[in-house]
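This structure is in C-alpha cells; I'll ask about it shortly.
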Amino acid sequence: MSGYLPIALMLVVAALIGIISVSVGFLIRPRKPEKVKLSVYECGMPEFSDARQRYNVRFYVIAMLFVIFDVETVFLFPWAVSFDVLGLFGLIEMIIFIIILVFGYFYAWKKGALEWA
Amino acid sequence: MENILSILIFFPVVAAVFIMIFSKSGKFAMWSAFIASVIEFILTIPLMTNFDKGSAGMQFVERYYWIRSLNIDYYLGVDGISILMVFLTTFLSAIAILGSFTYIQKRQKEFYVSMLVLEAAMVGVFCALDFFLFYIFWEAMLIPMYLIIGVWGGQRRIYAAVKFFLYTLAGSVFMMLAIIALYFKYGSMTGEYTFDILKISAMGAQFPLGFQIIVFLAFFFGFAIKVPMFPFHTWLPDAHVEAPTAGSVILAGVLLKMGTYGFLRFCLPITPIASIKFVPLVAILSVIAIIYGGLVAMVQEDVKKLVAYSSVSHMGFVTLGIYAFNQSGIEGGILQMFNHGIITGALFLLIGLIYERTHTRLIADYGGIAAKVPVYATVFLIFTMASVALPSMGGFIGEFLVLVGAFKAFPTYAGLAALGVIVSAVYMLWMYQRVFFQSVNPNLHHLDDMTVREVFYMIPLIIVVFWTGMYPETFTSYMHESVKALVEQLNAVSVAMK
Amino acid sequence: MISNLVSIMPELLMTIFGLVLIAIDVMTRKNSKSGVGYFGIFFIIIAVLASIPVGGFKIFGFGQTLVWDMYSFAFFCVFAIAYILTTIGSVDYLRERDILKGEFYIITYFSIVGMMFMVSATDLAVLYAGMETMAISMYILAGFEKKNLKSNEAGLKYFIIGAFSSAIFLFGLSYIYGYTGTTKYAEIAQMISANGLNNFNIKLGMVMMLAGLAFKISAVPFHMWAPDVYNGAPTPATGFMTVAPKAAAMGAIVRFVWIALEPAAAQWQLFFSILAVLTMTYGNLVALAQNNVKRMLAYSAISHAGYMLIGVVSMNELGYQAIAFYTMVYAFMNIGAFTILSLMKNKGIIEDERLESFAGLGKKYPIISLAMLIFMFSLAGIPPLAGFMGKFYIFTSAIKSGVIWLAIVGVINSVIACYYYMRVTIFMYFKEPEYEVTVDMKAASFIASLIAVVFVLVIGVFPSFFMNIVKFMIV
Amino acid sequence: MLVELIFVVIKILVVITVLLLGVAYMTWLERKVIGHMQVRLGPTHVGWKGLLQPIADGLKLVAKEDIVPTMVDKPVYIIAPLLSLIPALSAFAVIPFTNATINLFGKEYHLYITDINVGLLYILALSSVGTYGIIMSGWASNSKYALLGSLRSSAQVISYETAMGLSLVGPILLAGTLSLKGITEAQTNGLWFIIPQFVAFVIYLISAVAETNRAPFDLPEAETELVAGFHVEYSSMKFAMFFLAEYANMYVVSSIATIVFLGGWNGPFGPSFVWFAAKVLFLMFFYLWLRATLPRLRFDQLMTLGWKILIPIALVNVVVTSIVLYAIS
Amino acid sequence: MTLQHYLALSAIIFTIGMTGVLVRRNLIVMFMSVELMLNAVNINLAAFSKFLNALGGQVFIVFVMAVAAAEAAVGLALIITLFKNKPTVNADELNTMNG
C-alpha cells in the first residue's frame, strides 16, 4: 500500500498547485467586465446561436471504437506481463483473442467507421 | 384384422388430408367425405362380427412403443363396452356428414375435413388403452369441434364455441394431473412406471383411499363436464343450439357419451372405493339432472334447446344406471348411451332439415305443419316416441334396465328418476303437438317435405331404433361379459370394504 | 489443455464461424444480405453436428469453470433451432422494412455464443460473461429498426433495465464470492452443505443474483421491461428474443440450482414456486386484455417462463429435462407464430398486429391461418401438438416431486391462457374482415413457418426423439 | 514513518519544481530553437538571451484579467483546466528518473517518488483523464470553435491512445512487468528495447506527438481554422494551465519513451540522472524539430494514419513479438 | 479499514446508483447510475479479493469493466438513434407503446 501513498500525495500537491495558481492573481488582476468582452468569440460578430448543437456523429463513432479497442488493449497488458507463466496455451488464447479483435477491426473498416470524409 | 383399430382411427385422417389437398370444389369434398365415412362404417362391420362376445377382455389389441422414455405406448383395444361406442361413432358420423350436404353452404372443404378429423379422434378415445394416448385423443377432439361450432354455427356461435372449449378443457386438465399422479403412484407401488389403463385398473382397489378420492374427483370433474352432469351442464345448451346440425348430432350422439364412458372405464375400476363412497353424490346429481333437465326443457321456446336439455335429462339416466353398480344398471346405462346417441342425433337432424327450410327454430313459429310435410311429421313422431321411451323402441329398453338396476341399489332415487320419464313424455309430446298440429302459421306456405336424400339417411336410424327396441340382445350380448367382469370387481371391493 | 479446448469447442467453432460471417457480410452486396443468414444456418448446423457429445461424455474445462455435456448440447439445439427459424422467417420482414442487414444475423449468431457459455457455465464469472454477451446483442436486436421509434424505445428500455438487472446480479454475485470465497458452483455447493444457508449475506447474494437472472427470463415481478420490448422490437427479433435468451437463462438457472443450490434445494423451492405462480398468473391475466397480438404474445411469453419455472421448482432430473424440452418446443411454436405475425400488413388504418387484422384471415389465406391455428393451440397446450407435450412433461415433473398444488395452478393457468390464444383463431375463422389485410407470404417465410408447423406436429405426435435429446446424465 | 512522509513530500516538491521550470524553459527553448531554424532569433530582450522571458510571460498571465464569458457552464469551465493539469503533473509520481539512492538515518531511500507494479497502466489511465479536461473545456465554453476543437482533440487523443497502448505491449512482453522501474532494469544488462521493438518505438513516438496535440498533429488548436481550439475562451492563469498541461504531457510521454524504449536511466558511464535527462531532452528537441519541419495534417489524414496504419501495425507487432518470444524461450 | 468499511461504501454507492436508476428520468443519468452500480460491485470484488487473498475477484473486475465498456457503446448508440427520431432523453417520454 505504501507505494500508493506518494501517488496520493502527488495528486494533492498537483491539485494544490493548480488551485493556487488560478487564485493567486485574484488580488492583482483587473476586473472590468463588459458585455462584448463577456461574449464568446465568433470572429468578432455577435454570437449566432448556442454552440451546443448536434455535431458530426463520426466523433461518436470514434469514441465508441475507442472504448471497445482500448478495453481490449487492457486485456493484453496482464497477458503480456505473465506471458512466461501462461506458456503456449496463453499464446494461443491471445492469438484467438486478437483474431476476433482483428475481425471486428476490419469489419469496422469495411463498414466505413474509420473513414472521415 | 389385427390392425383394424388403427385403420379405423387413421383412415379418416388420411381421407381428410386427401380432401384438403385434392379438393377443388365443395361438392367433391362432400362426396369424398361421405364415401370415406361410409367406408369407415363398413370397416366397423367386420369388427363387430369378429368380436368374441364370450370374452370380457380386450380384443383386437395393438401395442407399439411410442414414447419409451416415459413408457408411453401406442396401445389400442376394444371390449364389449367400447365396441358399441365405436359402432355408434362411425354410424352417426356417416349420417351426420350426409345430413350436412345442404346445410353447410360455406367453406365445405374445411367442414368435412374437420368432421373426419373429429371422427378419427372419437374412435381413438374409445379404443385407447393407454392413458396418455387416451388423453391425446380426448383433447384432440376439441379443435375440430371448436371450429365446427365456431365457423358454421348460428348467431352466438363464437360464445358457444369458446364456452364449449374452455369448459371441456378445464375439466380435462385436471384429468391430466390425475393421470400423471396415477402414473407415479402405480410406479411407486409396483416399480413399473406405465400409463397402461388395464394394469392401473387392475391395481385399482389397492390405491389408498385419500389418493383415490383425489383422483376420483379430478376424473369426475372432467367427465361430469363432458356428460354433462347437473351443475356443469351450462355449456351444453349453448353448444348444441349454436352448432350446425352435424355438430349437434356428433355432440349429442358421441361426445356426451365420452363422459359416461370415462366413468365406466376409469372411475369405477381405478378408484372403486372412492366411487362407492361417492355414489350418493353421483346419484343425487343424476336425479337432479333428470328432473331439472326435463323441467327446463319443458319451458324452452326453441326446439333445439329443448332437445338439448332433454339430453341432460337422458344422460342423467345413464349416470344413474352406471352408479347402480349392478349388471342391469350398467347395461341399461350403456344401452341408453347408445340409444340416446341415435335418437337425439336423429332429432337434431330433423330439426336441422326443417331449419334449412324455415330458418327458425322457435316453436311459436311453427304449427300445423303435419299436413304440409306428412313424411317429416311421421319420422319426427317416431323419434319423439323413441325419446319418451315408448316400449318397442330403443329408449324404452335402456331406461327400463336403468330403473331396474337403480331400484335394486337406491330405490328412492330410482323413484324420483321414474318421474323424469313422465316429465320427458310431457315436454316431447307437448312440443310435438305445438309444432305439428294446431293452427298453421301463415308464414309457412312453402314448405317442402323431406327429399329422397333426407329420407335415405333417416331410414337407418329408424331401423336401429326399432331394432334396439325389439331385439336389444344384438347389442347387449356384446357387453355382457365386460360388464360382468366390471361388476364382479366392484363387488369384490365393496365386500372388502365391509 | 486439450480438454480446455474441447470443452469450449462448440463455442469456439461458433465464434470462428461468426467471424467468417462477418467476412461474408462485408463481401456481399447490399441486396443479397440474406445470404449471410443462410450461411449462418449452414454453419450452425455444422457446429451442432460437430459438437454432439457422443455417448453422453462430459468435459470440464478451464479449471472446472465450464462444461460441455448433453445438457449444454440440448440447449445448443434450442438455440440453433431458434436461429434457423428466425433467420429464414425474418428475411422478408427485414427486406420489407429496409433493414435487411448482415448484422442482424451476425448479432443473433454471436448472442448464441453467449447463450452457450451461459448454459455450460459452472462458474459465475463465465455465466456473467455469457449473459452479457447475450444481453448486449439483444439490446441491439431490439433496437434494430433504427428509424422506428418503437424499436428505439424497445432497445433503450431493454438496455436500461437489462443493465440494471445485471448490476443487481453482479452485486449478489460479489456477495456470494465474498462469503463463500469462490465463484465455482461446485465449491459454493460445498460451502453451503458445510455451513448451511444461515449466512444472511450469502442468502442476500443468492436472492439478488437469482433476481438478476429472473429479469432475463422476465419472471414477475421482474418482467416490467418485457411487454414493451417484445412489442417494439422488430417482429422476427421478438420471436428470437422470447425464445433463445429465455432458454439460455433457464438453462443457466437450472445448472446453478442443480449444482450450487443442490444442498439447499428445499429452501429454494418456495422462492421459485412463488416466482412461477406470479409469472404464470400475471402473464396470462394481462394477456387476456390485449388487443395487439404481438403484445399478447409478449405477455404469453412471460407466462411461459412461469411454466418453465415449474420445472425448476421440481428440483429433479425430470424437471430439468422438461425445461430443455419445453424450450425446444417453445422455439418452434413461438417463432412460427411470430413469423406469421411479421407478415401481417394492413394499409395503415390500424396497427398491423392488431387482433382485428386477423379477422377473416381463415377464408382469405387458409394455409397461413391453419399454421397460425396450429401455433396458437400448441401454445395453449392442446394435444396432439408439441406444446402439450412440453406442458405434460413439466407437470409430470412437478407431480413427481410432489408439488401438486403448483401443477394445479399451472393447469388452471393453461386453461385461462387458452382463451386469449383462441381469440386469435376466433378472429381468423369466425369473424368477417373489417379492414383489408394482406399477407405477403414469400418463399422464405413460407419455409420457416412450414418447418415450424411440421415440427410442432411431429414433436406432438412422436416426441420420443426429441425427448431423448434432452435426456442427460446427472452430475 | 514520519521521516518517510516528509521525505516523500520533499521529493514531490522537488520534482514538481523541476518539472515546472522545465516546462517554463521549454517554452523559451521552443521559441529559440524554432527561431533559429527559421533564421530568426527568438526572444532576446528579457534577460540574457531572453532567458527571463518565461518568467515574464508567467507574471503577465497571472496579472491578466480573468474573463469568464456569460454563457459558459461555470463549474465545468473552472474545473476543466485543473483536470488537464493535475493528471499531467501527477504522472511523474511513478517515473523512475534515476537509480541513485540516498541514505537517511540508516535506511536507503530511492530518489524517485515511488514505484508501483502497474506504473505504465497508471500513466495511461492518467492520460485518459486528461481528455476529460479537454472535452469539458470545449463543452463548457459554449463556443463553436472551442467545441469543435475539443471534439477534434479528444477524437485525436483517444484514437492514438489505442495505438500507443498497443505499441507498449511489445516492450511489456519483453520486460514481463508493468513497473517502470522493472522495465528500466530489464534493459540494464541487455539491449535497449528500441532495437527489438523499433516498430513499436516509431508507433509510440508518432502517437505520443498526437497525444499531446503537438505539430504536425495540432489540429485541435489550429490557429488558422479554429483560432485556438478548445481553450479559445480561456484567459489568464486558466489558459496558462492548459499550456502547462500540454508541456508537462510532453515531458511525460518523452519520459515514458525514454524508459520503455531508450533504457531509461541506463547509460555506459556517469550518473544515471543525467542520462535520463539527456534522453528526455533529446526527445523534447525532437518535438520542436518536428514542429519546425512538418506541415499540419488534415483531420482525415490524421484519423487514417491512426486507425488504418498505426493500429494494424501495432497489432502485428504484438503478435510477432509474442510468437518470436515464445519460440526463443 | 476492515472489510466492513469497503462493503458499507459499496453498498452506499450501489444504493445511490439504484436510486438514480429508479428516480431519475434522464436516460443518460440513468445509464450513469447503472455504471455507478457496477462500480460498487467492483469495489466489493476488489475488497473481497484482497481480504480473501484470492485473485479471482480482481480478474472479475476486468470482466465487469470490459462488459461495462461494451454496454456503454451499445447503450449510447441506442440513445443516439432514439434522439434522431425523437429529440428527447427523458425516459417518461418513451411511451409509444402504452398498454
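By letter and in written order, the chains are A, B, C, D and E; residue numbering begins at 1 in each of them.
Note that a residue touches a chain if its C-beta (ideal position, glycine included) is under 8 Å from a C-beta of that chain, and two chains touch if they have at least 3 such contacts.
Chain by chain, the UniProt names read as follows: A = NADH-quinone oxidoreductase subunit A; B = NADH dehydrogenase subunit M; C = NADH-quinone oxidoreductase subunit N; D = NADH-quinone oxidoreductase subunit H; E = NADH-quinone oxidoreductase subunit K.
Please read these numbers as outputs of a predicted model, since none were measured by experiment.
Any chain that touches subunit B (NADH dehydrogenase subunit M) and also touches subunit C would be listed here, but there is none.
Traced through touching neighbours, the fewest hops from subunit A to subunit B (NADH dehydrogenase subunit M) number 2. Annotation of subunit D and subunit E: jointly contacted by A, touch as defined at the top.
Of the two chain pairs considered here, A-D and A-E, the higher C-beta contact count falls to A-D. Most remote from subunit A, judged by the distance between CA-atom centroids, is B.
Of all the chains shown, the one with its CA centroid nearest the global CA centroid is C. Chain centres here are means of the Cα atoms, and by that rule the chain farthest away from subunit D is B. The distance from the centre of subunit B (NADH dehydrogenase subunit M) to the centre of subunit D, with each centre set as the mean of the Cα atoms, comes to 93 Å. The geometric centre of subunit C is 25 Å away from that of subunit E, both derived from CA atoms.
Between the Cα centres of subunit A and subunit C there is a gap of 39 Å. Note on chain placement: the centre of subunit C and the centre of subunit D lie 52 Å apart, centres being C-alpha means.
For subunit A, residues touching at least two other chains, in rising order: 70, 74, 88.
Counting only residues that touch two or more partner chains, subunit E has 70.
Here the chains touching each other pair up as A-C, A-D, A-E, B-C, C-E.
By the touch criterion stated above, subunit C contacts subunit E in their complex at residues 125, 128-129, 132, 136, 139-140, 143, 146-150, 152-157, 159-160, 163-164, 166-168, 170-171, 173-175, 177-178, 181-183, 227-228, 231-232, 290, 292, 295.
Within the complex, the subunit D residues that touch subunit A are 5, 8-9, 11-13, 16, 20, 61-72, 78, 81-82, 85-86, 89-90, 92-94, 113-117, 120-122, 139, 141-148, 151, 154-155, 158-159, 161-162, 165-166, 169, 172-173, 176-178, 227, 232-233, 236-238, 240-241, 299-300, 303-304, 307-308, 311-312, 315, 318-319, 322-323, 325-326, 329.
If you check the complex, the residues on subunit A that touch subunit D are 3-7, 9-11, 13-15, 17-19, 21-22, 24-25, 28-33, 37-42, 47, 50-52, 55-56, 59, 62-63, 65-66, 69-70, 73-74, 76-77, 80-84, 88, 91, 94-95, 98, 101-102, 105, 109, 114-117.
Residues 3, 7, 10, 14, 17-18, 21, 27, 30-31, 34, 37-38, 40-41, 44-45, 47-48, 51-52, 54, 56-57, 59-60, 63-64, 67, 70-71, 74-75, 78-79, 81-82, 84-86, 91, 94, 96-97, 99 of subunit E are the ones that touch subunit C when the two sit in their complex.
Residues 57, 60, 64, 67-68, 70-72, 74-75, 78 of subunit A touch subunit E in their complex.
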